[in-house]
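The structure follows.
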């Protein structure tokens, strides 16, 4: 679990609280239930209207992943595939069968199974890459949903503020309420901007970041599976795959063998 | 029919009504026929001027599809094509002829007909993909029309508000009408923002979403038809095509055979 | 001639007139020669400065095409090329010579001439596609010119308004003129927004739309000429080319033969 | 030299002067040395900070080219290359040597020299296209520099205006200076918008336009050199290359021969 | 070390100080600790929330590189690779081994080592290009982090200003504090705009610029290593690689030999 999305949200709340205290202001004026209703329901309405019911059901899961999701660890994938390459060289492709049973990742599992089943190389790569594209399309919808929420929240804030101003201007006969009417109108702008920039946009960004890491890990897996299928030496496989890792993770085939021992 | 576009619109109206009631305001100030005229006719004018008369005629159909259109079901396409692959393997390509008669989807029908007619593989793929591109171009125009309406509505709202302000500033001799004049001017901004973000933009987004699903279903159909033509085994065809489905829909060739039985 | 660009402009003027009458305002306050001068000359200056003199000379022609230009009719192109395919099959490529003389479209003419002259297939395609790219580049400049006018008009409107505000603020000693000074300042914003969104942007969009149709018709022509050159059967040529037409225009080779008869 | 960038700037100045005179205002209020300092130094600071010292040194040259640069003349390039094709056909590739000495354009010169030196075709094309890409990268930096100046100028104008407003609001005890303080604050917005839209953005656009023409001329040169190397007939070379010219410049090989005679 | 990022920041500070002095204003009103807290913590929160903890740790290094980083020198790379080509031709590929030990650049080192180890050409290129892509992905995250800071800073400035306005409007009973309350509210907009445009955005731009140079230098290295592997003559290698350098750096193989002697 990566804590930075939560930390970011806390930092923003801290910024608001600390600067309010520094200026000697109270928080009473910042509470506005009607603004929350306007911004949240309005943004949900505008964003969801562009999607299908099935898409909307993925929203809660996206929310949870943004705050608690763990990125995949490509480092382990390299070691795993190196071991499969080793086994394939020593005992032949069919010997991979039993190792496959222990693989957790369904994507790697199905790829290696196709290799053992003797499916042609082009078809293996094609099926795996189609699966990556199809995952890409699915994830993009959820990311897009949060991005749209982040886009509609300030717009609905603005609509709420304009409605507030119109109401205020219609009651100019009561000048004492002018200030509080305008303050109330501005609250909706505040909440629209807050929900967009402290919640929805960061979630969309975080999901995009995790998604990019998952795509990269899967592409690494595809390259590795193809190398195993072509009987590449474990050393060369590690060299090829490590070019995709962070420099600090490039420990070489030897160290990985040690790890596995 | 997917109800989310309607639900979204209802949510936005609810957000406006609920927050107005929470603030104890009336709805009287929000009614402005001149603003509706300015925004709707202005946005239609600005958006349509960039298109041809034939394009504009597609606008009502787009409106209906956004609210009531059903996305295609790629899941059924896989089962259908598996059955054609089965038949082609057992009885030869020519035997597909009678099955084609029962196919509802004109796109799949014309593709399979070309296969039965013995048209070369490259030509079949080429014709089908040209048809997808051509559908893409046609749909994009309708999507673009609603996107342009969503873009011009707030602009016309702004123009209306500036006109309102100019009129108000010309009548400063009557200070009592200042507030109501400015409220009236702001109404056009409100309607511009509302029509754009509650109606036009969500419709454009929904049409784009349904369009993406249709494109994906057609590309799946093309891959399947090509596999049938090349005599692929039903099992491999299902494996290849299911990589394009949602994980929950990947039930395998066996389950599909059962379905068909 | 497609009337929609003119209709669009009329709709916007109607929106302004109708909403002004509905609000019971007069049009006197909306007349401002200095604002028209500021916006039109300013936008011309800003936009043209990024182009060459030769580009600027194409501006009037672009204006005329946007309002009166007819889109090409790909439907006729298909029938024409089908007849050439028919003739080439029956009497040989050289027999096309006399038919070419009757072709109006210079692009199709030069392509077929190369075919009759026995120029290699790759070269024919290459020359024709280079010509399309070169037309694309030429048209894009005119489209871009109007897009830039649409971009600079509101900016110049803003500059004019700021200048107006500065002048107004310098004369605060005469408070009676405050309202009219500010109204005058806002007029430039109004004209900037009007010229941009009622004239320049729609023209750019319309030219882009017509351009896309011309590109599509030319690509259709290239495919057809290549098919004629390769001796394709008229039926297959029609099938391939009709995939690029609107479904309603796909009448098949038989109906086209009838047409030609 | 193309005068349109200078004409554009003059048009904008005319628009400002004419509309000011039409409104009967004076120019005194528009003079603000502090605003010029804020906008120019601020925009230089913000834009340059994203580049290297070597990049910044190219700024003056870019400024001069935007106002006085001549676009290349692809028409002449076609005639020149036709003559080389003619010579290569009659007297062999080696005979080009002396003609090369008279070529002014260093790019065409180095390409033809490689052809005479017998460098392989793929390598010739590769080196020439790498050189185009490298020129593209170099020019893009200068264009980007002016684009960034155009982006930072209004931002710095806004910062200056906010500073001005804060100073004005701190002196509310002296209400008489309110108007002039706000006018002064707005001046920085005016200068920011003026420098951006009358100077920096048009220069960036003009440099981009000239750059696109240079790229096109060089790509034409590459195609021509390759055709000379492959021994293409002068007539075919002209046909291929003229597809890249404006229709009015397509005069055919015969007319060009006449020109050369 | 390239000083321009520091110079840029100094220029902006100079612009603010000089224009303030020119207007005869004091700096007292521009100091606002609460605004700094709001903008800096808020922007950090919003930007970081879209990344992982590991990404955030790279922020300080990015800051240092933007101000002190030296761009790579492709000119030296060409000379180095020419010498390797020379050695490979005279003494064979294996003779490169000892020269490799003296190479500082880890990227060039690992590429040449693969060549000496007799790894296949396609694999060498593949591994090196994968490494470039992977560096691209890593750098892009840091650049994106600063770009996001530059994007959130003005947004948080706006949120702070709205909060300030709401507080001010709630205290209208004390009209004397109106001006200072609004000045305080505007300060947050000022700091948001300043941190974004004077610090974060220029840093992002500078890192992107340095990154582009590093990518170009590495691609040059790959081309050179492949040429060494294929036994290209030093002269041809220099000709090919110099097409990627600035014209002033194209001194030819002879001059480089002299340099090396």
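Note that the chains are named A, B, C, D and E in the order they appear, and that numbering of residues resets to 1 at the start of each chain.
Assume contacts are C-beta pairs under 8 Å (C-beta built on N, C-alpha and C of every residue); 3 or more make two chains touch, one makes a residue touch a chain.
Bear in mind the structure is a predicted one, so any value in this text is a computation, not a measurement.
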> Chains in contact with subunit B and with subunit C: which ones?
Replying inline: none
> Once you find the CA centre of subunit B and the CA centre of subunit E, what distance in Å lies between them?
Replying inline: 41
>> From the mean C-alpha coordinate of subunit C to that of subunit D, what's the distance rounded to whole Å?
In response: 25
> On subunit B, where are the residues touching two or more other chains?
Replying inline: none
>> If every chain is a node and each touching pair gets an edge, what shape is that graph: line, ring, star, complete or other?
In response: ring
> For the complex, which residues does subunit B have touching subunit C?
Replying inline: 33-35, 37-42, 44-53, 55-56, 114, 119, 123, 126-128, 130-131, 133-134, 137-138, 148, 152, 155-156, 158-160, 162-167, 169-170, 172, 184, 188
>> Touching residues of subunit A toward subunit E in the complex: what are they?
In response: 2-5, 7-16, 18-20, 22-23, 25, 28-30, 71, 178-180, 182-183, 186-187, 189-190, 193-194, 197-198, 201-206, 208-210, 212, 216, 236, 239-240, 243-246
